[in-house]
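Lettered A, B, C, D and E in written order, each chain numbered from 1.
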Amino acid sequence: MTVTEDTRKAPALSAVDRKDLRDRGGERQPMLIARELKKHFPITGGVFNRAVGHVRAVDGVSFTVMKGETLGVVGESGCGKSTLARLLMHLIEPDSGELIFDGDAVGEKDGLLVRDMRRLMQMVFQDSYSSLNPRMPVEDSIAYGKKVHGASEAEAKAAARELLTKVGLDPNLFGPRYPHELSGGQKQRVNIARALVLEPRVVILDEAVSALDKSVEAQVLNLLRYLKQHFNLTYVFISHDLNVVQYVSDRVLVMYLGEVVEIGPVDEIYENPKHPYTQALLASRLSMDPDDRIEEPPLVGDPPNPINPPSGCRFRTRCKHAEKICEIDRPILGEWLSAEAHVTACHMFVPNSGHSVAAGAPVPPTPKRTEAAMAGGD
Amino acid sequence: MIAYILRRLLFVIPIALGVSIVCFALVYIAPGDPLNTLLPEDASAETIAMVKKAYGFDKPIPVQYFIWLGKVLTGDFGNSIASGRAVTDDLFKALGNTILLAGGAVVVAFSLAFVMGLVAGYHSGGPVDRAVTGIAVIGVSIPNYWLGIVLVIIFAVELNVLPATGMGPRGSDTFNFWEWDHFRHLLMPMLTLSMIPIGIITRTTRAAVAEVLNQDFVETLRAKGLGEREILVHVIKNALPQVLAVMGLQFGYLMGGSILVETIFTWPGTGFLLNKAILTRDLPVLQGTILVLAMIFVATNLVIDLLQTMVDPRLKRS
Amino acid sequence: MANITMSPADAVAVQGAPAVRVRSYWQNVGYRLRYDYLTLFFGAMVMLILLSAVFAPLLAPMDPYESSLINRLKPIGYKDFILGTDELGRDILSRMLYGGRISLTMGIMPVLVATLVGGTLGIVAGFVGGRTNMLIMRVVDVFYAFPSILLAVAISGAMGGGVVNGMLSLTLVFIPPLCRVAETATSQVRNLDFVEAARATGAKTFSIIRVHILGNVLGPILVYSSSMVSVSILLASGLSFLGLGVTPPEPDWGLMLNTLRQAIYINPVVCAIPGVAILITSICFNLVSDGLRSAMDVRL
Amino acid sequence: ALPASAESVLRVAMTAGDIPVTIGQPDQGFEGYRFVGYNLYDTLTLWDLSQGETAADIKPGLATSWDIDPNDHTRWIVKLREGVKWHDGCDFVAEDVAWNFARVSDDKAPQFNAKQFADIRNRTGIIDKVEVIDDHTVAFITKQPDALFPYQLSYWFMISRCKLTELGNDYEKYAVDPSGTGPYKFASMVAQERLELVKNADYWDEKRIPKHDRLVLIPMPEATTRAAALLSGQVDFIEAPSPDTIPRLESSGMTIVTAPYPHNWSYQLNFVDGAFKDVKVRRAANYALNRSEFKALLGGYMIEGYGIVPPSTPYYGKPEYVYEYDPEKATALLKEAGCHPCKITLAISTSGSGQMQPLPMNELVKSQLDAVGFDTTLDVMDWNALLDVGRPGREKNPQIDGINISRALQDPFSALIRHVYTLQHAPKGSNWGHYTNPEVDTVIDEIYAAFDPQVRMEKLTKLHEMMVDDATMLMVAHDVNPRAIAPNVKGFVQAQSWFQDLTPIVVE
Amino acid sequence: MTDTGTPPLVRLQDLNVKFVTRESTVSAVNDVNLTLKAGEVLCIIGESGSGKSVSMRALMRLLPERRARITGTVEVDGKDVLSLKGKELSDLRGGLVSMIFQEPMTALDPVYTVGHQIAETVRRHEGCTYDQGMERALELLELVKVPSAERRLRAFPHELSGGLRQRAMIAMALSCRPKLLLADEPTTALDATVQIQVLILLRKIQAEMGMGVIFVTHDLGVAAEIADRVAVMYAGRIVETGTVQEVLGNPKHPYTQGMLSSTVHGNMRGKDIEAIPGSPPDLRAMPPGCAFAPRCKYAEAACTTALPPEVIFDAGRMARCIKVAPDSVRQKELVPAE
């Protein structure tokens, strides 16, 4: 990545310019393409401490992130969202799969170096406490990244203070403080500032607002919106709060047990969810109206063990539409590369898949609850 | 669980090998010839060479190591240079005596310290806590060999109620724990030896109990309406893994660490043996004793580790 | 895409006055220590002991090596001998003061060196992980398999007596546990998000250790090593007592205890002095270490 | 406890750290000889330990007489005592002596033992072969004429051929089932803790049949422990109480017995490399010492050392030089020698057999030497390391000017000859500092050839005088070997010897 | 607040809790008045640190005795909780009142099986044998719909998923058929799909058993799902109470309004959220007036001088704001101009 010093000077506060000089692949080139990313964590045991199994944390995930958009990622706890984020940052090495950043393969011979990629892509962590060095004043935490990339002490400090202002914290008041002297919201602002100090193009936000109070969450969400326009950012926004995801995202990716089950533009997903899991998830949202209570849980049981995921469709054990085919065949996510596509990995939406409600099936029967669904996530 | 035990046992092998190398090497960094004490002061060079050969000290050191290791594996630690007796016999007899002494000290220290630590941890911050902590600090700070001397002066010499030395009126072979005449000999060394573990275990127990009491689930127990006694049971079981770990360590220390105390009281245990072997540079005894003591330490840690795993289900692996 | 209603300036305006006084971690520790009178008291005692050792030449009323057999084994307060005399008629007070130099050096130096060496090894093992960790920690495990006294006596016994050998053996004894503590602390910190975040900026390993790890593991390492000082003093005196540490005529508390032991029937009180000194020093170091631990154990 | 009437038991606390080996030549130095050697076994010539007035000398033991062949001064005819039985019941015969010789000399013999060989080699090395003349007569052929040969025989213990053969020549087994001809029989042993012997009611010397039934020997290396054990009634008899505990022991009714004995706490000097090659410096050092202070340090329990051997030794003589404390003279001598201040290094140990109170005594030596113009460095090491410096001789450690190893002076060879004879230069012998004086060598050669006791005594006296006059050692003190005995123990007579006879002791 | 007829199940009168340490005094709960009728579900809503948990613990006297100063009246089922001693108190805990905590992972003893922990409670209060306790535990686990309950009885807490753990926690709380159930954010740590399961379960059981429930949450959606009545807490004070419909549909206090408006929901895309600016006050140095005033867009001088009174509209409908007082002419200003 050859970027001259001048071009990386921060854009003026007011100007919101969609043309980015760092852009290489052109406006239509997706910012990020993940192809079949896989990460299996070994479970060791036995006498020789060999791997006796694997947690299939991320198991063949593919998606694109367009320039300037926000991709929301939702899914239950433990479905691999954080692992995915760390894979994108190359904080852990994927077992297989590839990552293309603005047209360049990351970490491969003639592609983009991981170190350069990390300048262009940054991450905000969920736990605002443990993500700041407790022994360091926050402005130093922010400045650190700048120094790593060769800035002088003064330059780095100046950049840090400027960013503190931009995330809404008075650098004189908050710069010299230690993390424990800040509230959760303030800490998360510092985390965001730290991520932005290298002037990245992509920011991955892993549950960045989940631990915050509602009123603070709102403040931070507003800030994120402002920063996105100001710095011309692309977000990958990971959350399990469906309302928030709906609010911030342009497109949404739904994960279940290490796999992508559905991806598409936000309105399509929220108005017309296809996958039974997405449907259940959306139905679990609480309404603010006390007279409109949910009487039956949309989904029962817990997700199955990721060490031994069910065969075929991983959701079938809890799916009320599950049929024989779901047990045999792993449903394939459709054509996922385009930005507009709304695709799902469910046999019901694949013509002639063998599922009774799929197009081309002989008789469309009524959906039946399976035994497995009743038993929950044993 | 069985796989876990086997795995832990497997881990012990390289450690044991390393330990054996260290034990063997230790005595070779020593200046001075091991045969010095064996030979009369005016032994001549040829005499020395001849005896060296007879004891196998003329071979290259790695060769000596492997010969030694091979024998050790069959339970043969060679013969003492000084006394000519089989090291194995002396060593295991001494080990028995040390186990008796250390065991006694362990029982005293563990029970006393656990109770004191428990009480202190339960009332942490209060006057009881302060008193117990004070005792514990003295326990870990006192040079125990010095305490031993003081005790001898008081109880053996001045008051003449306890014997000053040795292991009984007729030596260790006839020692009978249950007979007062024998048991008296055990009292002072046992007490002296238990000081440090009392201090350390009290402190650990206190810290562990205070920590457990700070955990959320204790609030749950109170909220369930359990009485303090029932809560105590929970607290103990939670604090146990930590306390066990320290107890194990201390037991190991007692086994190998009673050199000073055993010397003071002429208790014919491993520490006494070791001290003598050092002074006379009795290589086979030194090597054998250190090796066995270190292996006991390793084994103790292993047992404690397994015990911990049994007490704390969170540690259970595959 | 233009309806940005809240500018960051608004946010600044409402953040208001600082909620708490700004105090760094170490200031916080200092603050807590300031009110821990017990620790302060024993800290002062430690300072006193250290100072009296440092300024022994100025404080000692007599030459610690000068013997006078007419005055041997005199009780406390005999003539000018404030603490009496030893078996060669040397002034005990002077010898205690000078002895402090050796005893404290034997107590502190090994821990210091072991902290440096063991700490470094542990941090490297903890941070780098993988094979390096395996290699370092397995070696450490081997040495850990020896009870400390056994190891100290064995090494000292093997290398022979003398201050240097004694210190060397004590250093070797303390390296493994310090290495373990450092390794544990480091591998805990290593997994915290802020280290990940530092890695995510593309920082080099050394830089991360220096900037992010060190500050966070130093606390536990220091607490642990400070608690080792009293152990070291005790072990050192034990070695001298066995004739493995300091060699005469150097005054050293453990050695004095050993030589005075012969005279315990003649003048028991004087013979107890070195023992009491060891006990008090050890208690002081222990309590200061405890105070430090609780002051540093601030959940931030 | 056992009823008092059952048997009388004498419990002795030794200074050794372990029980001396019981297979013949004991270890643990002369203490081993004292308590195990001469109790369990006999030698051909024995020491007469029955009185404390004069230095002990040898007397008939298993040999009733020894005579040099008038025609061949390398051939000794030794008559053996008849009617002596081993503890195992076999008879003691001449063949046993030859067998015992092979045991410590012939590494092809099945009864050969390397350690025993090493232990006695200095005494038996002179023997070329043993001839059995009849059942009770043997002849020893020595390699050179040696008038002192009968003394060498007094260290060589005879063990039972019957028993060892029966045990398949296994010394480990023999150690716990030994058989000798001594006044005590082996009863039981707890390694490292105690050795129990019982009286041999059939001992050939009726006067020496023990007056108590059982002798218990307990190793107790710590002096304070021994004192405490005696005070708390755990033992009846302790070796070497430290001088500072003696007042306390006395006040509790214990008897302290002392006697001079052939012991010399001194420094062997380096006659080649450093300042001591000049006799003036050697004399200066000897004049520098105020030996009465040492006596004060040891609570009076020593004899001031002005000679190589204690003054009660028959061959002490009248040396010309008497090194009374004279600091001025010492300083003057040093100045005369051109060595002022005179830098010297003394190698000393922290402990060790016969070393008395090594640390305070050495510190005192240093301070007195320094007071007259020496500049003394004490090189402190442990006992083993010091032996390591002592054995190879001065060549290995030329920087060391003196070593403080106390030697046993039991017989004339040990006392005098080995320290100054040119043929005894280390590492071959004990002449550590490589002293060479042709006159002295001549006298020694004469001694070896003097089979007439009268002549021999004259020559020995001359040798001793020469050694003192030439200041061949830095002489400090002779131990008096205090022992503390419980009030109920009666009948002990301390001999002027390293060895003692416990048999007359009555335990009330 | 006088309700004639049956006495309330819970009555808090001028409850104050202060934490006193050498360095500072934290006023965690200030003058809280609350009543709860039998069989009613009350939700306490508030930001983190507003004193919700402390109030709940005060109800069971679970606060550390030495540091927490509790004043005021706490009555549960007619019993004066603050004056109970020893056995009486522990009879109340777990018998009459029981509690569910936010983090079931840390709230359960990690070294005992779930079954044991339930059985132990049963045994404590009903004096039965351990085996009978286990039987009851099994019933309870089945009641809270734990699949394969028999197996889970012998499971340790760490072997269960978050949802199951929380259900086990609920089973434990229900084991002695308490009249009052305190639930401190029991669903905050759970996934949305699991949270709704637990909420529905709780509601069903509450209805079946007729318990009174005080349910702490900071999620308005949860309150809407489960509450009969709602109390809003801010900086240790209750600033508004009312039925769930009233409070969520027609909030009176500016803080409640702010909470509602800053809660994100779907149809706000592309617009800024109306967040409450600033952060809550430091409880160590409480302002003399309305604690919310510094963040309140309606605040005026009077707000910061004195504590606003409790303005009571109906029985159980209250707001603590000078601007909502019925006699206040400025009341309509409360509806901010669009």
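The criterion applied here is as follows: a contact is a pair of C-beta atoms (placed from the backbone, for glycine too) under 8 Å apart; a residue touches a chain by one contact, two chains touch by 3 or more.
Which protein is which chain? UniProt says A = Glutathione import ATP-binding protein GsiA; B, C = Peptide/nickel transport system permease protein; E = Peptide/nickel transport system ATP-binding protein.
Keep in mind that what you see is a predicted model, and the values were worked out from it rather than measured.
Peer 1: Steps needed, at minimum, to get from chain A to chain C via touching chains?
Peer 2: Shortest path length, in steps: 1.
Peer 1: If you tally contacting C-beta pairs, which comes out ahead, B-C or C-D? Let me know.
Peer 2: Spelling it out, more C-beta pairs touch across B-C than across the other pair.
Peer 1: Could you give the separation in Å between the centres of chain C and chain E, each centre being the mean of its C-alpha atoms?
Peer 2: Inter-chain centre distance comes to 49 Å.
Peer 1: For chain B and chain C, let me know how many angstrom lie between their CA-based centres, rounded off.
Peer 2: Spacing between the chain centres: roughly 24 Å.
Peer 1: Based only on mean CA positions, could you tell me how far chain B sits from chain D in angstrom?
Peer 2: Using C-alpha averages as centres, the distance is 39 Å.
Peer 1: Going by the contact rule already set, what residues in chain A reach two or more other chains?
Peer 2: 183, 186, 219, 222, 225
Peer 1: Check each residue of chain C and list the ones that touch at least two other chains.
Peer 2: 1, 4, 6, 10-11, 15, 19-20, 160, 243, 261, 264-265
Peer 1: Can you list the chain E residues in contact with two or more other chains?
Peer 2: 272, 275, 277, 279
Peer 1: Could you please specify the touching residues of chain C with respect to chain B in the complex?
Peer 2: 138-139, 141-143, 145-150, 153-155, 157-160, 230-231, 234, 237-238, 241-244, 254, 257, 261, 264-265, 268, 272, 275, 278-279, 282-283, 286-287, 290
Peer 1: For the complex, which residues does chain D have touching chain C?
Peer 2: Result: residues 223-224, 227, 242, 244-245, 247-248, 293, 296-297, 350-351, 357, 359-360, 362-364, 366-367, 378, 380-382, 385 of chain D touch chain C.
Peer 1: Looking at the complex, which residues from chain E come into contact with chain A?
Peer 2: Going through chain E, the ones touching chain A are 47-48, 147-148, 161-164, 191-197, 200, 218-225, 227, 244-245, 248-249, 258-260, 262-266, 268-269, 272-277, 279.
Peer 1: Along chain A, where are the residues that touch chain E in the complex?
Peer 2: It is residues 76-77, 183-186, 213-219, 221-222, 225, 240-244, 246-247, 266, 270, 280-281, 284-291, 293-303, 375-378 of chain A that touch chain E.
Peer 1: Enumerate the contact residues on chain C facing chain D in the complex.
Peer 2: 65-67, 69-70, 72-73, 87-88, 160-161, 243, 247-249, 259, 261-266
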